[in-house]
Structures are given as structure tokens and as C-alpha cells.
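Below are two complexes that have subunit A in common, paired first with subunit B and then with subunit C.
Now for the complex of A and B:
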């Protein structure tokens, strides 16, 4: 009973957003209605036909995917090293890596902006993708290290005895064993990068502008376009929901096995 | 031929293996026998090339292979834990060393199927290891070691985690299966009875040191010292300090037994195997000692009777079911002619 009420309570804003996205601006501002009186898809049509809207989504997805790929590519070998080898200062390095997450992204806005301007990277997708790596790589290393340490070292050794080269062992034998970990890691990288607004907005102007930034600039001379904004909000939730749907089994396993 | 020359392993100031020399010949079965932490696994890892010795060299077929990468050595290893590649099918697990050696597909198929037949895995070739029972998983690992055709096969307590029935079956089959390959087989175990059942040669290990190496039955019958005799006795060897004066050993508790001829007077350690103790006199020199039973374990056809003697715990293994109560006073007979006599520092003097 209480969980049901609680979940309903949590769903209220999402319902309200969905209902607003199907109303006309007149109905939204004109009065109070629990559900759309004359449901319309006009707001969604605006988004799917106006490039300044749908490019926002494309830009966001491009840099989020880039960031997830880079984070995993960098974190997999790093996590393997932390999990399997002992080297001078390994524990300190591991901790230091993680301290990068202790500062809010706003701290890094100024240096990033200055640095990326110098290299001519402002308003490119890769700029945002790399900036987000500062937060995602440590998290990815930390999660993956937990999963990798759960794989017995004897499997590595058996593979070497059998004659596997390192890359072949890593991709054919080892990676399938930590597939849930990779799924969980990808999920967290995706989520952070998809939600992060400050860095993404500062490092882009037109060509790589993320959807969240587009949404904050809809106050026009004709006032606020409530319906379109609500539709954009719903569409922004969709990719996250899709990702969760695809990795839900991995996440469940991940919570049981690894470090999450 | 595998030869260890003065090989030692020190990890963070702790000696895992004291300088050890050992020569193993092709086609031989060699048992490393010792309790946990005696250095069996460390020694196997040095032989395999997984670890580099701190000092000393490892020679294979006349070549110095110290520090040579394990991928370039022709070895196979099976661990106590069932180690397979969970993402691959049983077939691919067994085939993996052959695939890496770029063997022709027909040859791989034939060899894998033959090994699977030997290990009775044929019905499971298309399954993945984690869907199999522990015994099947371990047989997959053994089959993989078999198809590789390595000249050195290292088995680290391969049967320890298996159930009793399967352990007996595999223990019988393994030496036979690997003997045909002409490989040097090294088998680590904690169980003296397993070493005796396997036969071949045995090296007894104690605190990172090989105390004796030779034919298993020889090592068992003629241990060179007290630690070897203790390592190679299950249930544990009964020992007692004794003092020789004249023709007799004086044991604790006022017992005196006939001493073998030719020993000087002085302190000795006597060792008596549990099955050499009896409830009745076995000869005219047999000495009876009064014992107070502390506990009796009955296995069905044999009884283990524990009692304190001369400051340590003794155990008698006697045929038949004897339901002695704790505290019960019994008489235990000891045959002096079957006693082992060690010098005070543990060297064997009389078997």
C-alpha cells in the first residue's frame, strides 16, 4: 500500500510533464486540467521538424556515446592493471583517480574553456566527450576493478599456460566474464554524460549544442512555449529509460557481484 | 627432463621455497606431498614458469628456461579450483590450446573428442563449464591439459574438491591417462594415502623444503627423518621421547622396551605407526602400555583409538569395531621391532 502510494507520488511530475506535452499552450496557461482535453501531437511535431530542436538530441547522443566509448576503452586496461598487478604507489594512484570526482564540474569550467579554446576544440562533440571523461573514467575504473577482482587470477594464468597472447585472452576469455561490469559501467557513464549540463553548455555554442542547453533557451519574444518544452522533456527522458531497460539485468547482477 | 637447481623463492622476506634441487624424468609420476602451506603450489608455480625463482635456475630438456615466459614453455597445469573459460563451450575449452597452436581443424576435432571420451565428457561438449557439476568441470580442465600434449603436466591437488567416489575413479585413471603421453607428471597432494595409491615417486615437503625424494613406497617405508615420516603418515605418526640405557629404551610413564642393538646410550625419539599398535601382544618382546582412552572413532571396519601418552596424543588404528568409552583404561601393545628410531635432532637411525 505505502510503496504504491510512494511510487504514484514519484510518478506525478512525470505524468504532469507527459500530460502538458499533449496540451496546447492555451490549455496549459488557461486553467487547471488533470488530463489533456483535446490531446495533440503538435508539440512533438515541432521538435521532430525543427532542426534547432532535433539537432540538440543528435548532438547529445553523439558526445554521450563518444564519452562512453572513450571511458571504457581507457578504463578497461587501467582497471585490469589495478586489479592484477602491484606497482609502486598503486593504491595512492587508485585513490587519487577517484578524488577527481570530489570537485563539482563547475570548478573545471574555466580551465576547460580556456584550454579547449586554445586548441580550437570549442563547439565540437569531442570536447564535451573528453571533458566528461574527467568524471567518468575514475568511476569506470573503480567499478570495473571490482568486477575484475572477482575473476580468479588462475583463469588468467591458465590462459597464459595454454598460450593465449594478452589481447586475445583479454577479449576472448576475460571480457565475457566481466560483461555485467562493462554494462553497469557503460550505464553510469551514459547517465552522467547525458545529465551533465554545465560543461556541455559552456564548451558548445551552435554545432554541438546539447538538448538540455536547447531547452534552457526557449524563452522567446512570444513568451514561453510550454507545450514544446514539455515534449522535449519527455523525449529527454526516453534515452535514459531505454538504456536502463537494456542493461537492467546487468545492473541487477552488478549490484549483486561488483562494486556498484 | 626437468631439473631445478638450487631454486628458491622469497616473497617479501618470507621464504616460500628454500633452495631446492630436483630432477624429474620424462614419463615419470611425481607426487609432491605435504600439508597446506608446505610450498607445494609455490614449487609447482616455479616449475611452470608462472613465478620466477629468487635464486637458482630451472632447466628443461637441457636448456635453461629460468625466466622464460610461461607461454613459451610446454607445460599444462590444473588447479584445485575448477578453472575453465566460462564463456566458451566445453569443446572450445578443451580445444583452446590446440587452436592457439594452430592445429588443423580435423586434428583438433579428433583430439578433443578422444580426450572427452577418456574423461567421459562427450555428452557435455556443447555446454558451458558453469552448467556442469564440479567433477565434470575438473574433468574439462584435465582434458584441456591432456590434449595440449605438454611435456610437463602439473596437477595441483586436482581431486581435492571432488566428491569421494569420483576422486577414487579419477585417481586411478589419471596416472594411466597421462603416462601414455610420456609427460613428466607432477601431482601435489596433502594426503599420504593418495601418494601411496598413485605410486611413482614422492617428494615430501615441509616448510618449503623437500625432505626426501624417491620411490613413493621407499619414502614411505624408509623415511630419512622424523619430518618425512610425519608428513607421510595418516593418521599422524605417534612419537615419544625415549632415553636409552643399557639394552632398553626408557619411555615416559615408566615403560621400557627392548632397543635395537648398536645404538649408543642417550636421548632418542621413537616413532610408531598407528597401525603398528595393537590390542594384544604380537611377539614376545611386545611391550604393553596402560592407556586412558580420550576418544574412539569408528569408520565401520576399523577403529581409531586416541589416548595421551608421554606428553603427546597417540592414536591406534586397529581392525574391528571397538567401542571404548572416553576415560576407559585399556592396554595397548607396541612391537619394538616395528618402531622407528630417530636421533634427538630427527635423523632416522632404525626403521
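Now for the complex of A and C:
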């Protein structure tokens, strides 16, 4: 009962966005109507036929996928180190990683811009992917460490006795054991990189401009283009919804095993 | 007990390099700004702790800080109990599980500015479903001019946006409780409340601490969503720390005070989070 009411509460604004995306601007601003009176796909057509719109989606997807891949690649060995060994300053390092999620981005964007221009990275997908690592890598290390700690250490030792080298052990035996953890981590990296706007907008101008930044274009002299904005909004939910559909079985199971 | 091995550091190097690249230089630059004044042309003069003194005595900063603390407290007071309650009542198996998970995750996947846009239109009392319904019920609601309505809208928006994160964490925490605990409780004839208080709540303490921590950090740094909906208004009613900071840094180009404010802001988050982290890892090895 309570979950149903809650889902209803979640769906109403999304329904409103979907219904707006099927209306003309005249109908949206003309007054209140619960259903679109004459549903039209014109708003979606604008997005799919205008390169500056659909390139926004492509740009976002490129840097989000890059970020997810990089975050996982660097977080896996680090999480293994934290879960299997104690070393000088391990707890301090773990907490320091964590502090990178706490910097209010507003003022930090200026030096960010200077840093990335010094390396000639402005307006590239890799710049946004690397910048988003600032908050995604600590989260990835944190989640993966929990999953890895759930795998008994005897498995490592047996593999070494059987003559496995470390890389072979890690990729052939260990990685499959924490597959669901990797799925959950990938989902979280995808989600946080997908919704972040401030850094992505600061580091890009034209060629790597994210969709969320393209959307601010709909404010023009002739007023807001609400219909196109709503259609673009609906389309920003689709990729994430697809990702969660694919990892849905891992989420509950994964969290249960993990530290989080 | 984990073996001691300092070579494990080698495994953390890629992570360290990548995070430090984006973290250390910007942080040092902000520290630099915070102790200097500039009139443009890259000429900087040392001003010591002046900006910090100014910030800590500024009523504008204190007002934004109090507003933000109140906002975070309200958010936590609503989202945490609500999230636990929903997680407790969610189906445990069957087709309902993936449906609930997917539908509940949708708000989490909406870009921040789109969240703001949705609520901005949704709440308008001429063309939005929420605003128009409230008006239809005879409630005088206008988030553009009434501070209380603006707060209500921003809070409802955050509850809509983030409660699912708490639900997902708690659902997973509950799923990890072995059946044996419940069987023992059944034999003892424990009430539903006793089961919650003595089995579920203790097992949830860890995920709950993390949920509280994440929600605290994010709500304390909230920027895009309220900015899109209310722009910090009416007046300064919903000007939270981040909104004030951006006004100062970009609108008024007061880099020095803005940098000092960022550091104070960062230290507050760090301090609160450190307390949570210490509590959280208290029982670890």
C-alpha cells in the first residue's frame, strides 16, 4: 500500500512531463489541461532532426560511458588493496578519497577550468569523463571494497597454491565472483555522471556539450519552448531507465552483499 | 585479520593519481584565492585572514548557513523515516520487485536541471498539475511570491528526487538479514515493533548511516534544482549556501570572499561527515 502510494507520487510529475512533451506550446501555456487534447510528436521530431540536439545526447553518452569504464578500471585494484591488506595510512587514504565528494563545486569550477585548459582538454569528452572521476572513483572504490570483502580470502590463497599468477587469478576467478558488484558500481557511476551538470557545462563549449546544457538553449527571446524542453527531459530519462532494467537483478542482491 | 603489506599502495596509485589530478590543484587554487585580493590583470595582494573574518561575521553567510542547515535537517527528517518505511513494506519476491526498483529509480536518473524544470512547471498555478490542483481545492498557493510555498515546493521536489536512494539502500540492508533471525523472533512471539526495534533497525544501522551521510552532503550542497525552480527567491527565502556562493563568485566576481566561503563551507561538511564516518567504522575490526 505505502510503496504503491509512493510510486504514484513519483510518477505524477513524470506523467506531467510526458504529457507536456506531447502538447504544442500553445496548449501548454494556454491553460490547464490534464490530457494532451491533440497529441503530437512534433517536439520529438525537433530533437531527432536537429543535430545540435541529438549531438547533445551522443556527447553525454560518450563521456558517461568513458567515465564508467575509467572509474571501474582504476577502482578495481584500489578496492582490492583496501579489502585484502592493511597498509600505512590505509584508513586515512580511504577517508581522503571520500572527502572529494564534499567540495561545493561552485567556486571549484573556476580553477577546474584553468587546470583543464592548461592541459588543452577543454571541450573534449575525456575532460568531462576525468572530471567526473573526482566523485565517481571514490564511490566505486567504496562499493567494490564492500563486495570484495564479502569474498573469503581462502579463495585467493587456493588460487596461488594452484599456480595462478596474480593477473590470471584476478580476471579469471576473482572478477566473475564480484560480477554483481561491478554491475551495481557501473550503475552508480553512470547515474551520477549522467545527472551532473555544473562541471560538464564548465568544461565544454561546442563539441562535447552535454544534453542537459543544450536544454538551456530553449530559453529564447520568444519565450520558453516548453514542449521541446519536456520532450528532451523525457529522452534524458530513457538511457538511465534502460541501464537500470539491465542491472535490476543485481541491485537488491548486490547491495545485500556489499558494504553499502 | 588482514595481513600488513605496504606494497598494496601500488594498487591504489591509479586511483590516487586520477583523483588527485582533479582534486589537489583546484583545492590549492581556491586556498590561494582565499588569502588574496585582486583587481584583475592577475595582480594579487596578500590579505591574510581578512576574507575569513568577513565571511564569518557576514549576516548574509550566516543566514544562508542557517537556511541550509534547516533544509538539510527537514530533508533528513522526512526522507530517512519515509525511506525505511517504504523499504519495510516493499515486496520481497516476485514480479513486484523489479517493477518497484525500476520505477523508484527513475527520479534518481533525471538530470538536476530537468528535475528543476519539471517542478517549476508542475507547481505553476496556471498551467501546472500541482499548482492548478491546489488552486482548485481553494488553497492559495504560489511558489513565486510566497516564501512558505517556495520552501514547500523545494522540499517536495527533494523528497521526490532522493527518497528512492534511501529506499534502495534500506531494501538491500533488509535483504541481507538471514531468515534465522525472524524464525527466532517468531518462536519468541515477538511483536512487529519488537522485530523492527531489535532485529531490523540494528541491522540497518550501517546502511542508514551511509544514507544519512550521502543525503546530508548532497542536500547541504544543493544548487541546480532550487536555482531552476525559485532562483533563490522570493527575496532570499530559498538562497542556500551554494546559490549564495555562485552569486558571489560569478555574479559579483568577488573571488576572494567566495573562495574563503567555499573553504568554510567545505570544512563544515568535512566535520559533520567525519563524525559520521567515525561512528560508522566504530565497530570495524
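The rule is simple: the second predicted complex is superposed on the first by the 255 of 260 C-alpha atoms of A that agree within 3 Å, B and C clash if a C-alpha of one lies under 4 Å from a C-alpha of the other, contacts with A are read in each partner's own complex, and residues count from 1 in each chain.
The rule is simple: a residue touches a chain if its C-beta (ideal position, glycine included) is under 8 Å from a C-beta of that chain, and two chains touch if they have at least 3 such contacts.
Since this is a predicted model, take the numbers as computed values, not measurements.
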{"item": "Fit or clash - subunit C, subunit B, common subunit A", "value": "fit"}
{"item": "First (subunit B), second (subunit C), both or neither touched by A:100", "value": "second"}
{"item": "Contacts of A:197 with subunit B and subunit C, given as first, second, both or neither", "value": "second"}
{"item": "Touching partner for A:10 - first (subunit B), second (subunit C), both, neither", "value": "second"}
{"item": "Residue contacts on subunit A - larger count, subunit B or subunit C", "value": "C"}
{"item": "First, second, both or neither for A:125, with subunit B first and subunit C second", "value": "neither"}
{"item": "Contacts of A:32 with subunit B and subunit C, given as first, second, both or neither", "value": "second"}
{"item": "Subunit C, subunit A and subunit B - angle at the middle CA centre, rounded to the nearest 10 degrees", "value": "90"}
{"item": "Partner chain in contact with A:152 - subunit B first, subunit C second, else both or neither", "value": "first"}
{"item": "Which of subunit B and subunit C A:209 touches, first, second, both or neither", "value": "neither"}
{"item": "Overlay on chain A, subunit C to subunit B nearest C-alpha distance, Å", "value": "9"}
{"item": "Overlap of subunit C and subunit B interfaces on subunit A (superposed complexes)", "value": "none"}
{"item": "Residue ranges of subunit B touching subunit A (in the complex, touch as defined)", "value": "48, 50, 69-71, 75-77, 79, 81, 83-88, 96-97, 100-101, 141, 144, 148"}
{"item": "Complex interface listing, subunit C residues touching subunit A", "value": "2-12, 14-16, 18-19, 21-23, 25-27, 29-30, 33, 82, 85-86, 89-91, 97-98, 100-114, 117-119, 121-122, 126-130, 132, 160, 163-164, 167-169, 171-173, 175-176, 206-207, 210, 217, 221, 223-224, 241-242, 245-246, 249, 255, 258-259, 261-262, 265-266, 269-270, 273-274, 277, 281"}
{"item": "List of subunit A residues in touch with subunit C within their complex", "value": "1-3, 6-7, 9-14, 16-17, 20, 28-29, 31-32, 34, 70, 73-75, 77-78, 80-82, 84-88, 90-91, 93, 95, 97-108, 110-112, 114-115, 130-131, 133-134, 137-138, 141, 191, 194-198, 211-212, 215-216, 226, 229-230, 232-233, 236-237, 240-241, 243-245, 248-249, 251-260"}
{"item": "Residue ranges of subunit A touching subunit B (in the complex, touch as defined)", "value": "152, 154-155, 157-165, 168, 172-173, 176-177"}
